[in-house]
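Here come two complexes built around chain A, the first alongside chain B, the second alongside chain C.
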Partner chain A sequence: MPGMFSELAKLDNWSQWSIAPMAIVFAGAVATTLIAGFVKDSTRRSFIGQISIFCLAIAAAVNYVQWTGGWQDPGRLVWAGSMTLDYLTMLMNFVFIGCAILAILISLNTISELGIEYGEFYPLILFATGGMMCMVQATDLLMIFIGLEVMSIPLYIMCGMRRSQDRSAESSLKYFILGALAAGFLLYGVALTYGATGVTSLHGIQRWTMENGGLAANPLLTAGLALILAGFAFKIALAPFHMWTPDVYEGAPTFVTAFMSAAVKAAGFVTLFRILVTGFFQNGYTASLVGWGEIIAILAVLTMTIGNFSALVTKNVKRMLAWSSVAHAGYAAVGLAAAPAAGADGVGGVLFYVIGYALTSFVSFGVVAAFEKQNGGLSQVEDYRGLGYSQPFYAFAMTVAMFALAGIPPTVGFLGKWYVFKAAVEANITWLAVIGVLNSLVSVYYYLRVVVAMYLESPEEQAEQEPIKSSALWLAVLISTVLTIGVGLFPKKPLGAVEKSVSPMFVKK
Partner chain B sequence: MQFTLQHLGGNEYSFNLLYLIPLFPLLGAAINGLLWPLLNRITLVFAERKLPRGLVHVTAVGAMAASAGAAIIAFLKLRGLPLSDSPVFVFHWWDWFQAGGLKVAVAFRYDQLTAVMCLIITCIGAMIHVYSIGYMSEEESYNRYFTYLNLFVFFMLILVMGDSLPLMFVGWEGVGLASYLLIGFWFEDSEKASAGKKAFIVNRVGDAGYLLGMFMLFVLFGTLNFSELADKAAASGFSPADHPWMLSAALICLFIGAAGKSAQIPLYVWLPDAMAGPTPVSALIHAATMVTAGVYMIARLNFVYALSPAAMTVVAGVGAATALFAATMGFYQNDIKKVLAYSTVSQLGFMFIAVGVGAWWVGIFHLMTHAFFKACLFLGAGSVIHGMHHEQDMRKMGGLKSYMPITYWTYFLATLAIAGIPPFSGFFSKDEILYKAWTGGNILNPAGKVIFFTGLLAALCTAFYMFRSVFMTFHGESRADEHTREQIHESPRTMTAVLAILAFLATSGGFLGLPHWIPGHPANVLEHWLEPVFAQSAGSLVFHEANGFLFAVISVAVALSGILLARYFYLTPAGQQKAEAWRQDFNSIYTLVQNKYYVDEFYDFAIVKTIHAFSVLLWRIADAFLIDTVAVNGLAQITYYAGYAFRALQTGNVQRYAVGMIAGLAVLAAVLAAKGG
Partner chain C sequence: MPAQYYPMLMIIALAGLIAASMLTLATLMGPYRPSKQKGEPFECGSPSRGSLHQRFSVKFYIVAILFILFDIEIVFIYPWAIQFMSLGMLAFVEMMIFIAVLVAGLAYVWKKGALEWEE
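Let's turn to the complex of A and B:
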């Protein structure tokens, strides 16, 4: 079909330039796949990881050029209206690339420790990153779906990479089966939406709902929205679509868990609010056309409560962090629930929250990864006793992470909670903020338990508390710890970037 | 470095010395926590010797002295400016964050109120650091102790110097953290570690109130900066009547925060347990400074509290109830530090009465005198414990007067102060509180009168249980065993010198706030000094006239009868028999009080157990499927079931999860359809 290619060639430069970072990541993925085939010696596998980091760094540099003015017209639609390049996309590209780099750093030396003897991990993480970038950049439901699948399929594989471990295989399988169900929801939702409105582009849906008086006019669209919400609620683990989370997070290799909890969740949230705000929302935020705010509020309450109370009785640290990750999706959802009334403040809260949470995730899971070994290592809270004295660096990092997760200033976790709860009060849903604050109160108990074990309890016998020797892992934990405190102390630039990203979504056009 | 005092216009002056006040303790903590241990390792390797221990306390005390010096310089500069202009020093360090209309800066505010607080914190803090040199001399983790102590002072200074509620919250959380680390300092004892945890968690309940109150204030006023809040509250556009419940709700939420930090009903339970920490810590954190943060916060927000009589009534009412309730619990404590802990809770109640009835400066006055006499009492108790080789039970003391004369006299003077005997400091401040409670017309009627009588009764109890502790510890026959008695000794000079200074302050501190009824009307220094801070709310507050001298007479009579009662029951044989007889007769009341009214047990049952049960329930529903079927049993049997694993997964949990998802979807669709757009 020669015609197809000539059509492509006719596309304007803007379209090609707009996806440059994503294209670089995908190119890196393909290249590393090929290289992995030739690197037989498992001790040299980290070489592939270094190439991957290199590719990601180039993508980040290009993204930086676009952010600082290389892209003249933020928000302009490209690729026949199915994509856009706005500040939100560019900011998220930074986040995804950063998460991928941190995950690779954590994995470089730990991966062989876990008995994962395959070089495919690095191409997979690049593919997943590219998928996220595509998903966030897309403004068309079909394109979003493609991005989502490109992100998800590598994740299914990565979860099961510790093949010798039953838990890992189980994790992968569960995630895959339930993920397929959720993908089915989403695709069905897209189909119904198309059936109702005749379009799949978000701007088209918005036009249709405004002209036709919202959802009430069309039960098909109502069902479509419900299905789309359910599909995304699965990805970001909102109750009652969260049940896979603890099993999958616990079973997956820890660097994959960190990546999922940080990047996948961020990608899911951002895409969800892009769909809701662009597609199902009256611009200029006079009023929401549909009552999704209330639904998200209910899901947020369920998610926070179930996540926190389950974490309370969980003794395995990694599983506790998985439940805590569920709870944090609930806090972020508070901001989303506030978005119909609080506008950019609500969505900005969500965005800042997920970015802050991503940083903290890498600290906490990074420390867990440092002590996770093929046989044994530290897994229960009791195993962390006295770590403050045997491993001061990792224990300090873990303490920072726990305080950040509990929302104690001056960490980034405090600011994130501050932002979303304030949005809820401003949106006149104070009850939701009250439940959120009470929930974060409960959460202090189980976060503190880890700190207490590390500093205020002595190990019963001389426990084996040697971390995996890896300067890359050490560096990843250091970077994310410094950022967790640093962004908490000097959040001006990140907050500015967040506001720059979300405010155009609420400008009257 | 150049320090410039620059007039910014209005009553604000920029003074860049301010940031040094909190910076010095932070540096001290950093050097003791990071630099010395690191150098120690190096010298151990290369020179095979340790650094001298003296470095640690020289650093810590030096940092405190420098901080106190900076605070004093700022105070003198502030005093040099005419008070009638209500001058304020500010220092803008950096913009912290800006989120949707709210701008928060890391900026300090040094006005007359801050000056009082800073002087108390840095000067008493410095003295307690000196005292700690002797008290902790045998401690192995010497540098850890001083690191935490300096860190605490840093956060406490942030708390009082922050110019906005969010920045105050940073200090608020920080002191909680430092207090938690210090309570659990001797964590080898698991009971002590769990006391730290309890303090932290109970405080978080209060923090939840603080956060919610802060959000609501923001919604009402659109700012959280103190001076902007004051402007907004004063503006004619703001009328409390427009927000009938929101303002009171916000202020009551903030008061819940204050109740957590300042150990008021129902959140006082952590403070008695916090006595597990080293005694100088109890003196500094759990008596003189941190626990008064709630009182400070309400005084700082006086202009908004003055708008809500309902919130003020709550503050004063809870304060009065706590004052009495905690005082009765002091009756039967046998641990010398526990007596002082309940007495702190009770005295904090008095401070809340003061700020609750709108007598802001009196609250700060009592805060100050309490810092003097309670620090002296705690350090005196520490000296006793030190001399008795870690014995805290007063039943095993007695007769220490002759062994430890300096400790005895200082403790005795401070006890006179807390009991309210003129002319000791506590008399002036407590008497003024009761007087203001009776004459104040700012809270809902007739709460003021009830609060007055409650306070009076609490004052009687205070005189009684405090003298009980003096008599049990220092008078009568020694009840210590032979071995201990031989080794009882007066404490080292670093400790007794500090005791003497504090006893002097406890004796004379009251002259800063002389009451009006004294012939010749001497100037009330403190009230005058604090006038600019409370000027805005002063206009709307009403205090009736009454004969102050009469109140003073009643006060003294009450205090004396408390002392005489204590003397009768604890020093005379007849009284001791009578007390024993009554104990038999009223056994149930005795047990009730001795068990602290079973409040801890009630909380354990009503809150801890309930939350736990709820979690377990959720866990059963959500988690147990997997844990029981796969993880716990499964791992053991995994080889057995290996072949079935795949099938087990398919037919078991995943299906349930999927059912959950589909049910969720159905509900979601139903709700959306019901909303119908």
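Let's turn to the complex of A and C:
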């Protein structure tokens, strides 16, 4: 392959500058790995967390420079066409870095409360964050796969960090086996796509489908797309590939669960719509018998309904939130199903929805983390009774989270639902929006049950409801609560950023 | 387009044919004189002993994983070294970064004591 090597040798300075934030995160990951190996004293390990936050902050600053004009040519392909730096990548870099910082803030003190003070947690979360940044930045199926694996493997380890707990081991093993299966599906899909088109780059696939009469003309490419779709449906927990979610989310340490439901879901959705819109859209879509839009519409209906009705009968709060995260993947998928007809509105709806959901899930899982102890703590809905009077701050944050998840204004959850359902109506699939709204009505019951327990019911005996004393955790919950309400009240700037990110994807070149 | 894959199909068919004919011919034409010694599991000529289901120390896996890691490193370095003159400075720097990451990993593993065979 001398051609590829000589092309790599000709790279300009653009390529290096385009991956600067990702490179900083990975450099931080390697550095903290070394520190974690050399620091023996377990009480000094939160120091590694502070270094990690520092690295993430530098990466965010560089990303900010690129966002505000340090990157002259958004959408330019770099690294021999396998990556790009557009506003979508930069916006998602902010989201991933923010999620990692919030997860580390939640972990700083709770990690010792759970008896799992491994310094290796911080490099792992940095590696996972870097993997997500790589995945979203990639425009080549192989590069996307590498990013996906770099993201997933640290997560398998982090899920099993509570080694003495059976549930944590189960969570790790389940996620690992199903994740490996999903990676197999995805890779098989990539191989079939390559077999059909002879390229792995998304732009190459699009060019090929436009020149060769679309998806329908080639069953091999259709099969490839179906397998890629199945692989990603595993990662973002779309039914019928969602079965792992409740067990994995419940068994993992709560700060890892928060990171998974926020960042991993967002990364999966954004990469999926980049593949679908950039690689398999335009002529490729219209010429196929059944487009991916219809398939995702069916998955969305299944996911919403299964997620909501399972959450309805779940008593454990963390497990209920896990089912609710399945349901929310379904709502976001409504926007994706609308994308072929509604264009930037559909994809923009998905993007806004997953970012809003990321904020909300840090509030809800942050509160759960505050009351999770090594032995016991609060787990069932009944345990939260009277929390509104004993712990007003955390109860208020939980209320905001529940309102946002149920889609009640003025939270970000309401706006997210509004935009995806509006896109569905624009795309002439009103039935999907109706099913979405009906599902939201069902979900109000189990979200408000927590609020009712906190404010209107009193605990049977004097229950112990002491949160873990941690100013970092408190700060993380405060930041995400303020953002959940703030973005809901003043959505103009975030919406502008979302539109700036997705609209170039639909410009024909 | 599927015409490209016909040679592959033929190779698969040929492989199946050869294997099947070897087995069939050996069964039909070969002599068959079983004895007790021939029925034993064959292992380097010496009689096998002990249980088959033994638990191995986890250290074997760590060593195997480390081996694969450095094995892959060679796989990457070799084509790079062949093309070194035409690749230039950028590739040199990139390879140094790659090796530095691996060395950092090695230092971590060393410090953690994964390379110590005896406690």
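One rule holds for everything that comes next: the second predicted complex is superposed on the first by the 491 of 509 C-alpha atoms of A that agree within 3 Å, B and C clash if a C-alpha of one lies under 4 Å from a C-alpha of the other, contacts with A are read in each partner's own complex, and residues count from 1 in each chain.
Assume a contact is a pair of C-beta atoms (placed from the backbone, for glycine too) under 8 Å apart; a residue touches a chain by one contact, two chains touch by 3 or more.
Treat the numbers as computed from the prediction; the structure is a model and nothing was measured.
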- Could you tell me if A:P409 is touching chain B, chain C, both of them or neither one (first, second, both, neither)? first
- Message: If you tally the residues of chain A touched by each partner, is the higher count for chain B or for chain C?
- Response: B
- Item | First (chain B), second (chain C), both or neither touched by A:L438 | first
- Name the contact category of A:W244: first (chain B only), second (chain C only), both, or neither. first
- Who does A:Y389 touch here: chain B (first), chain C (second), both, or neither? neither
- chain B versus chain C as contact partner of A:K174, first or second or both or neither: first
- Which part of chain A faces chain C closely enough to touch in the complex? 2, 5-6, 8-9, 11, 30, 33-34, 36-38, 196
- As the complex stands, chain B meets chain A at residues 94-102, 166, 169-170, 173-174, 177, 181, 184, 187-188, 190, 193, 196-197, 200-201, 204-205, 207-208, 211-212, 215-216, 218-219, 611-612, 614-616, 618-619, 622-623, 626, 630, 638, 642, 645-646, 649-650, 653-654, 656-658, 660-661, 663-665, 668-669, 671-673, 675-677
- Over in the complex, which chain C residues touch chain A? Could you list them? 1, 83, 86-88, 90-91, 101, 104-105, 107-109, 111-112
- In the complex, chain A touches chain B at residues 166, 169-170, 173-174, 177-178, 181-182, 185, 213-217, 219, 222-223, 225-227, 229-230, 233-234, 239-241, 243-244, 246-247, 289-292, 294-295, 298, 305-306, 309-310, 312-314, 342, 344-345, 348-349, 352, 403, 408-410, 415, 418-419, 421-423, 425-426, 430, 433-434, 437-438, 440-442, 444-445, 448, 452, 455-458, 489-492, 495-496, 499
